[in-house]
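Chain nomenclature is as follows: A, B, C and D, assigned in order of appearance, with residue numbering initiated at 1 for each chain independently.
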Amino acid sequence: MKAHLQLAELVATCHWIGAKGWAPATGGNMSVREDEIHCLLSASGKDKGSLTVDDFIQVEIASNRAPSGRKPSAETALHTLIYRLFPDAGAVLHTHTVNSTVLSRVEKSDSLVLRGYEMQKSLTGQTTHLDALPIAIFDNDQDIDKLARRIEHFATETPLRYGFLLRGHGLTCWGKDVAQARQHLEGLEFLFECEMNLRLLERT
Amino acid sequence: MKAHLQLAELVATCHWIGAKGWAPATGGNMSVREDEIHCLLSASGKDKGSLTVDDFIQVEIASNRAPSGRKPSAETALHTLIYRLFPDAGAVLHTHTVNSTVLSRVEKSDSLVLRGYEMQKSLTGQTTHLDALPIAIFDNDQDIDKLARRIEHFATETPLRYGFLLRGHGLTCWGKDVAQARQHLEGLEFLFECEMNLRLLERT
Amino acid sequence: MKAHLQLAELVATCHWIGAKGWAPATGGNMSVREDEIHCLLSASGKDKGSLTVDDFIQVEIASNRAPSGRKPSAETALHTLIYRLFPDAGAVLHTHTVNSTVLSRVEKSDSLVLRGYEMQKSLTGQTTHLDALPIAIFDNDQDIDKLARRIEHFATETPLRYGFLLRGHGLTCWGKDVAQARQHLEGLEFLFECEMNLRLLERT
Amino acid sequence: MKAHLQLAELVATCHWIGAKGWAPATGGNMSVREDEIHCLLSASGKDKGSLTVDDFIQVEIASNRAPSGRKPSAETALHTLIYRLFPDAGAVLHTHTVNSTVLSRVEKSDSLVLRGYEMQKSLTGQTTHLDALPIAIFDNDQDIDKLARRIEHFATETPLRYGFLLRGHGLTCWGKDVAQARQHLEGLEFLFECEMNLRLLERT
C-alpha cells in the first residue's frame, strides 16, 4: 500500500521535473523502492512530464531483471546500486539539467565542494552553511555496469550522501522517500545554479 | 478582520513566491502582523507554493513563543525583530533566491549599493535613480538569536529600510502591509538580477 | 469601435507582458491611441498582469490632461510625445526588463547598434540582417517633461523608429497598432537578450 | 490519414515551441511531409503558440509552389530542400532561439562541435558522449534560394544530420516524424545551452 502511495507521489514528482525542464528529450529516469526485493523504475524513452503509473516497470534490485519481461532503462543498474548500498533509500531521481551537466565538466576534480550556502541545510543531516559539502563526480561511461562498479567501489571508501554527478551527464540523487529525494534534488539544483553564477562572477 | 484579509493576501503571495522559485526546497518563511502583540508565521518545512491559512502559527512578537505550542520556524526571531524595530511593518517575507544568495557572497563589504536604476523607485520613499541605495548584508549565522541581536545593534546606528541580505542565505524584506512587502521583494529581486548581469558584463 | 477592439487587445498584451515578467513591481505603462485627440493610458501603480479596461485613463495627446480628473501615469508625456511625433503610431508599450535596463547601462554611447541578427526583420521595414540598426539610448531623468523635450529634439535630427531605451530604466516601443507594438517589443527583447549574451561571450 | 495525425502532432509541437519562447515575434516555421510530392508548411506571420491546422499550407516539394495560391513562408525552400535531400525526413522545425542565434555567431568556424555530453544520445543514432558531433553552421543569407543551394552543395560532400545552424538566425532540424524532430530540437537546444554556459565558464 505504501509503495502505491509512493509511486503516485513519484508520478507527481516526474510531472514537476518535466515542467522544470530537468529531464528534456525523454532523458532521465526515476524509481521508487517497492519492497526489499523490488523497485519500480520508469520505462525508457518517455517524456517525464506525462508519465503515468503504468510507465513504471518492476525490477529486481539484486539482478536488474524485470519479471514482466518489459525493458527497463539502460541506467537501471545505477538505481539498483543505490537501493543495495543504502537500505534506507526509498526513491532515486536521475535528472539531466544544464547546471549539473556544465558544472560537472567545469569542475575537473572528482568532487564539487559546496560551502557557505544556507541551502546546504536542505540536505538531510546538514546543519550549517559552514561545512564543506562534497558532491562526488564520476566520469561518464556508456558501460553502465562498469560505471556502477566504479561508484560502488568509491562508496566503500568514501561516504556517498544525497547524490552524485556524472560528468557531462547529470545528477542522481535519493532520499528515504519521494519527498526527501525531491527535496535533495531541489536543494542541489539550487546550489548548482548558485555555484555556476558564483564561479562566473568570481572567475579571475 | 484586517489581519484575516492580510493573511489571505499573504497566502496568495506565498503561492506567487512558490511559482517564481524564490523559496525552493521548503525554504523561506513569511509572516503578517496580527496585532501589536502577535504575528502569524508560516510553519517550517512546507512548500511555500501550497501553503494554506492553517499553515500559519500565531507567535508572540515580544517572546517568540507560540501560544498553541506548535513549533514555528527556526528563523522566527528575525520576523519578530522586524515587528519590534518597525511598528509600521505589517508583513515580512524571507526568501531564498539564487540572485540574493550569490550577490551577497560576491559583494564582500557589508552592503550592496544600488544606484542608477529606475527600479529603485519601487521601494517606498525612493524618488530617483540618482541616489545610492545601500542594502545591508549580514554574515550568516546558525545562531538566529545572535544574528538577530547583531541586526538589532546595526539598526540602532544605521537606518535599515525595505530589507537586508544574509550572506549566502537570502533576502528578508518587509512593508506596511503584504502588498508593499511584495512590491519591495519584486523590486529588490529585479535590482539584484540587474546587478548580477551588470557586474558580469562590466567585470574587468 | 476600432479603439475598443484595440484596447481589448492591449489588455491581453498587458497580461502577456505581466506573465513574461517584463513590468515587475507595478512598473511600466501601456497606451493605445483612441483618436487624433486622445489616447488611453494605463493607471499608475497597478500590476500589469491583472489590468482590465477600466484601468485605462483617457488622456489628451496635446496637453497630457485627463478629462476625467483621474491621475494618469507620471510617464504620460512620453506616450503622448510618440503620438504627436508619429501620426501612424497606434500603441505604445513601456516596459521594465532586466535586459533593457542592463544593456542600456553597459552601452555607454547614445545608441545600441544591432547588426547580424535575422530577428532585426521582426521590426517593420527591416529586410536584412546586414543593416546596422541603431536603438537610441537617452539618459534617464526624473523630470519627464524635460526628458520628453530631449527626445523630441533628438527626433528632429535623427530618425527614431520602433523604440528607444532609457538608461537603467527600460524600453519604450510602439507600432501602428497593438499587434505591431507587441511584435516590436518581442523582437527587441529577443535582440537585447542575444546582445547581452554575445557581449558576455565575446568580451575580451 | 497518417499525415493528418502528424499534422495534429505538429500543431501541438508548435504550441509547445511557442510556450518555450523558441519562435518569438511570429518567427520560425514548421512543416510535415504529406506524401512524396507535398509537404504542409506553416503560414507566415503567425504566432506559433496559437497555430491551428488551418494555418498550414500545402506546398509541392519539387517546386516550392502552393497549389492553393496561398503564400507560404519565405523560407519554404529550406523545408523542401530537407525533404528532397532526405527521403526519410517526415518533419522539419525551424526555430529562432537565443542560444542558437548567439552560439552560431560566437563560433566563427563552419561547425559547432559538441562532445562530452550524454545528451548527444538524444540525437538518433548517437550512442556515446565520446564522439565529436559537428553541427554545420551556414552564413545567413536573405536570398533563400541561394542559401538552399549552398546547403545542398555542402550536403553532397559532408553528411548533414539532425539539423544545421544559420548564423545569427536560428536552428533548422528534422526527423523521421514530428516526435523525432521534436526530440532533436529539444536535445540540440539543451546542448546549445550547455555549450553557451561551458564557454562562459571556461573562457580564458
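The rule we apply is simple: a residue touches a chain if its C-beta (ideal position, glycine included) is under 8 Å from a C-beta of that chain, and two chains touch if they have at least 3 such contacts.
Just so you know, these numbers come straight off a predicted model, no measurement behind them.
Subunit B maps onto subunit D through a rotation of 180°, based on Cα atoms and reported in steps of 5.
Look at the contact of subunit C with subunit D and you find different residues on each copy: under half of the numbers used there are shared. Chain geometry summary: the mean Cα position of subunit B and that of subunit D are 45 Å apart. With centres set at the average Cα position, the gap from subunit A to subunit B is 32 Å.
Shared interface positions of subunit D, i.e. residues touching 2 or more other chains, are given as 200. Chain contacts in this assembly form a single closed ring in which each chain touches exactly two others. Each chain pair that touches appears in this list: A-B, A-D, B-C, C-D. Every residue of subunit A that touches subunit D in the complex is listed here, in rising order: 24-27, 96, 98, 101-102, 105-106, 140, 142, 166-170, 196, 199-200, 203. Interface residues of subunit C facing subunit D in the complex, by the touch rule stated above, are 116-119, 122, 127-130, 183, 186-187, 189-190, 193-194, 197-198, 200-202.
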